[in-house]
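Please read through the structure below; I'll follow up with questions.
Letters A, B, C, D, E and F mark the chains as written, and numbering starts fresh at 1 in each.
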Amino acid sequence: MKRPSGRTADQLRNVRITRNYTKHAEGSVLVEFGDTKVICTVSVESGVPRFLKGQGQGWLTAEYGMLPRATGERTQREASRGKQGGRTLEIQRLIGRSLRAALDLRKLGEYTLYVDCDVIQADGGTRTASITGATVAMVDALRAMKKRGALKQDPLKQMIAAVSVGIYQGQPVLDLDYLEDSAAETDLNVVMTNQGGFIEVQGTAEGAPFTPDEFNAMLALAQDGINRLFELQQQALAD
Amino acid sequence: MKRPSGRTADQLRNVRITRNYTKHAEGSVLVEFGDTKVICTVSVESGVPRFLKGQGQGWLTAEYGMLPRATGERTQREASRGKQGGRTLEIQRLIGRSLRAALDLRKLGEYTLYVDCDVIQADGGTRTASITGATVAMVDALRAMKKRGALKQDPLKQMIAAVSVGIYQGQPVLDLDYLEDSAAETDLNVVMTNQGGFIEVQGTAEGAPFTPDEFNAMLALAQDGINRLFELQQQALAD
Amino acid sequence: MKRPSGRTADQLRNVRITRNYTKHAEGSVLVEFGDTKVICTVSVESGVPRFLKGQGQGWLTAEYGMLPRATGERTQREASRGKQGGRTLEIQRLIGRSLRAALDLRKLGEYTLYVDCDVIQADGGTRTASITGATVAMVDALRAMKKRGALKQDPLKQMIAAVSVGIYQGQPVLDLDYLEDSAAETDLNVVMTNQGGFIEVQGTAEGAPFTPDEFNAMLALAQDGINRLFELQQQALAD
Amino acid sequence: MKRPSGRTADQLRNVRITRNYTKHAEGSVLVEFGDTKVICTVSVESGVPRFLKGQGQGWLTAEYGMLPRATGERTQREASRGKQGGRTLEIQRLIGRSLRAALDLRKLGEYTLYVDCDVIQADGGTRTASITGATVAMVDALRAMKKRGALKQDPLKQMIAAVSVGIYQGQPVLDLDYLEDSAAETDLNVVMTNQGGFIEVQGTAEGAPFTPDEFNAMLALAQDGINRLFELQQQALAD
Amino acid sequence: MKRPSGRTADQLRNVRITRNYTKHAEGSVLVEFGDTKVICTVSVESGVPRFLKGQGQGWLTAEYGMLPRATGERTQREASRGKQGGRTLEIQRLIGRSLRAALDLRKLGEYTLYVDCDVIQADGGTRTASITGATVAMVDALRAMKKRGALKQDPLKQMIAAVSVGIYQGQPVLDLDYLEDSAAETDLNVVMTNQGGFIEVQGTAEGAPFTPDEFNAMLALAQDGINRLFELQQQALAD
Amino acid sequence: MKRPSGRTADQLRNVRITRNYTKHAEGSVLVEFGDTKVICTVSVESGVPRFLKGQGQGWLTAEYGMLPRATGERTQREASRGKQGGRTLEIQRLIGRSLRAALDLRKLGEYTLYVDCDVIQADGGTRTASITGATVAMVDALRAMKKRGALKQDPLKQMIAAVSVGIYQGQPVLDLDYLEDSAAETDLNVVMTNQGGFIEVQGTAEGAPFTPDEFNAMLALAQDGINRLFELQQQALAD
């Protein structure tokens, strides 16, 4: 088996996390997993959704989008279609659940964090890049809140990162790019905490079903890859 | 640990599959997982979606809905809200992918199977009940097609069934009902083929992250449960 | 003239009213007029719509839907189309007006009753079956409110039932099924109180216009049929 | 009983039918029933809706709207709300069915008539004024088609007109204006052919149910009123 | 160059402003620029949009629509399409900005003026006719407010009127009708105050770009035309 | 008068045009006018909209969007709101008209160019930056078409650029940033060809009306500024 990019089976793409990418948001990151590029911003607003009013806790919600020509062929703009597609809703629900797992929402106070992940160039793995980058933007947003005196306690419980793995030409590989993703038999997205727990595991057999052994091999690859992503997040946050 | 229903950790709810539940559809099943009740119909239509035209293969697509008062508190009717929610879209995409895995779409010919899963009473596990019941309705729809002479080959490759597992009060349990589901730390939906392969594995940590060991314990429970569901499908189809 | 079902001109279909059909709703009925089957639930919620706030009275509103394959050919799901059709809106407005006529809304207090009529199998007369069944579900919902101590007075003024009549092959017939309905020259839906008054009379000439004499003959048939429906409602409520 | 307008119980409002009211449409009428004013246009387009293609017959469809300040209090513009309300859909379905009853659609050929009824001032009875006025506009549109040589046969079978009747302060009255309509116990809209047949009868008890006798008294009033409307249509068409 | 209507280059069409055109609105005008006819109503409501709450000032907002057959070919009704088109939104935003320029919103108090401009017949220049007519309707609405004692001060700062100019067959002409508009190389809409200032200038080259000299010639024509419109507004208001 | 940025009245912001910014689109530019940053892509697709079919000419259409946190306060995502706002539609119509003025659509052949302008950071002047940047992306897309042999003739007639001018603290200034824009009395957007003609002139008095003299002073500033933008476009295209 040879990967189209020439990478080894357990090799991440070149990952870059650029903080303060745009100037208005409390947290703003450009995350790149190879040619996949996502702008992740985290905005802080006072108040919480109605179902949480008066409970003294905060909330985090996420939205995801792609520029129409982020993809090889232009896709229709969801704003002009008049609705977000099922794939978009699924991804933004996943991002929201994943990032909420990083927080103690009671320590956040009555604030809402709006996470926006907008893909400006897509080459596979946009949801895992989004989660990995948005977590860094969220840390920046929390730091901005602390500076303003908006936080009494630190709501950050743990870091979160995500990666995709799959079975490509019969072999488990890490961090699929678009060429691999569209040919893979199985696609598995894994979200973990930096304490080694799973937050989400979503595996789909695109062609043949996958076996328990393949599954465990993929999980092991994912754990390794995510550990390297945690290091890259720390380096970015240390700059 | 004691389950609210008194079941043992590896015990399914009482599962019933009633065929020919309504009279118009080519396949029509009422599936019950305890108090969860879903009407699954499969409708056969000539022709395929535009992206498949002229390729000589068929298609299967699924839609999911809940009656407004299928739930403990009334939920707003999606038809009057003017759109399907993210949860609905996510579930119907899952059902569609799962059932397509049962079929060789080239052998189906240029027909589309519309799967409709409508929950009339919800008590946890509606998506896994839907997949398990709709597979039986699909077999009936294929039998109806054969009778009409619409099939030259049998497109059914394998049976599909699904179950939920979770960590409830620290312990893995099979086939969560609503009380367990809303209190579970982790929720995992597993879709398998009757040849032992995984089609979908979707795990979400609702509270604490789950460990690799918990994950493997849950998978083992799911495999056992699904094997019993395959038996129940066969009994229903033998009637 | 011979009716497709072999019934006499003034004969209702086999009507069954099954109470407590699902477990969550305060009132829940499966009503069957022959092969037409409708789940009618009535949900009780505190509060009233904005236009009634602070007036010390209650409200009742109705929604109607059909499962996509309730019909001979699959109809598109309104939730996925993104809107309810004109026929649906017309029927749910009719159900709402009819059931409100049963109530003294001032005695209901500031509660809203949500009536949901969902057709799981259609064979003509879904709107009249809905009204007849939902009235029974409403009585059960009021009984549940009394049990909880939510009612000081009984808001039920009278029972309501409905039936369709039409001119089929030149002759007035009662309770049209789908075969008759699609061939009828005239279709008349009649809603009455158990004190003999009319609540709604909606007649449409599908083919030739109808004469005053035909109109009166149809009304007489409807009155008889509705009286039998009131008996069936009472039997169901007495169980 | 005294009517707010001082009319006798069987007196129509001042009815005016102005043809050629706007210049672009094949048929264009301003119809006034007292202070109720509706612009009715009929537009002719080649072709028919998909469900009629290739059957050699025509179609007629109707749409209805109200200017936002046609009413005593401004109502929200349906175009900005993003959907037509239930009342609007109900009325435009009624107008369409009523006018189709005037035509032999096979003699129309593969043309579609679009009827647009737009209320510029509302004072009760907008649907019956619309039907009465649009029928005249339709005759003009058919005449325009004949001039162009688009018709081989005359598709007009009969004239159609409509009026409302009701029980106001215990007594049947003809052609309710807004003050009467909002206080009436019963409201009945009647559509007839000029050969004495009924096309639509839609009666609703707003307060107390109505009796068979009241019903017959209202129908008699309506028949008389509609006969006068047929005369007014003929006068307008003779100009 | 000869204009299709035979007008001279600097000649307005026959302009008529009919006040009190419909009876419900506080201000109601039919404005005619030749065959272009627009009903302009201004409705007064207590309260202001959320973004202005508690600031002690008022607001004015505008909506624009066309009857489906106001045009040479029927256009689809925006209410049934489910959204307003870009052209409609653009025009109603222009009308709103233009009329707000006439008012001192602080002197209006916490009221909202809803301006509705509905084109019943279109022959070019509907947006400029709307602005010119709606300004008169707004003056009537303010007079109605004064009568009711709802105004302490006069919020009217200045009158507003608008006209289109263009380059037709190489020459600047005033107040384009549809034939000219569809053939014009350039189309310029100008909104002015009666004190000689510009409120909006919107010029679009449809074919060849326009030169600074052409631009100035068009502006001069527009200024002259608008001055005549101010006289016609005054005459209408003096009746 | 002192500009917040310290610029002179006739000074552009720092303008940068980065070609090949993303990899999939035939033309892809990041344009920066100071802190305003817009990704402009041009996508080439075979075929034309229905209204142009069979006429042997091409088409260009534009869409515009802003990332939710491109602005100082987060704005709601249009895709999740379910529709594009009036401002968005107005801007994308302007971009489309402006860029079509650059092309001889008959020489383009039956292709459609989709222009997407997505603002990733907003600081005033997003529409003029979009037009200026998208013109460069369009040239790149045409070059890509030539390379593929898709063009027989060069459809580019002229370059297009745009800038805003305004009256700030009583004085005309060029290329307003957000601080100036929100305080300006007048805002004028000017689109020109590199042959000195005007394509669009859109001036709006935000506060006081503007005089003919102010108008001419603003136009002169805009002409100078746009000439410098044409030079910057040429430098970018020469790289």
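Please note the rule applied: a contact is a pair of C-beta atoms (placed from the backbone, for glycine too) under 8 Å apart; a residue touches a chain by one contact, two chains touch by 3 or more.
Everything numeric here is computed off the predicted structure, so don't read it as measured data.
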**Study point:** chain F and chain E - chains in contact with each
**Key:** none
Exercise for review: Superimpose the Cα atoms of chain B on the matching ones in chain F and note the rotation angle, 0 to 180, in steps of 5 degrees.
Suggested key: 120
Practice item. Averaged over CA atoms, how far is the centre of chain B from the centre of chain D? Could you give it in whole Å? Key: 50
Review point. Cα centroid separation between chain C and chain D, in whole Å?
Key: 28
Study note, to complete from the structure: Here the gap between chain A and chain D, centre to centre from mean Cα coordinates and rounded to Å, is 59
**Study point:** Contacts with two or more other chains, residues of chain D listed in rising order
**Key:** 82-83
Exercise for review: Name the shape of the chain contact graph, picking from line, ring, star, complete and other.
Suggested key: ring
Check your understanding: For chain E, which residues count as touching chain F in their complex?
Key -> 83, 85-87, 89-90, 92-93, 97, 101, 188, 192-193, 195-205, 208-212, 215-216, 219
Review point. What does chain F use to touch chain A in their complex?
Key: 22-25, 28, 35, 37, 39, 41, 43, 45, 63, 65, 67-72, 74, 77-84, 88, 114, 116, 118, 120-122
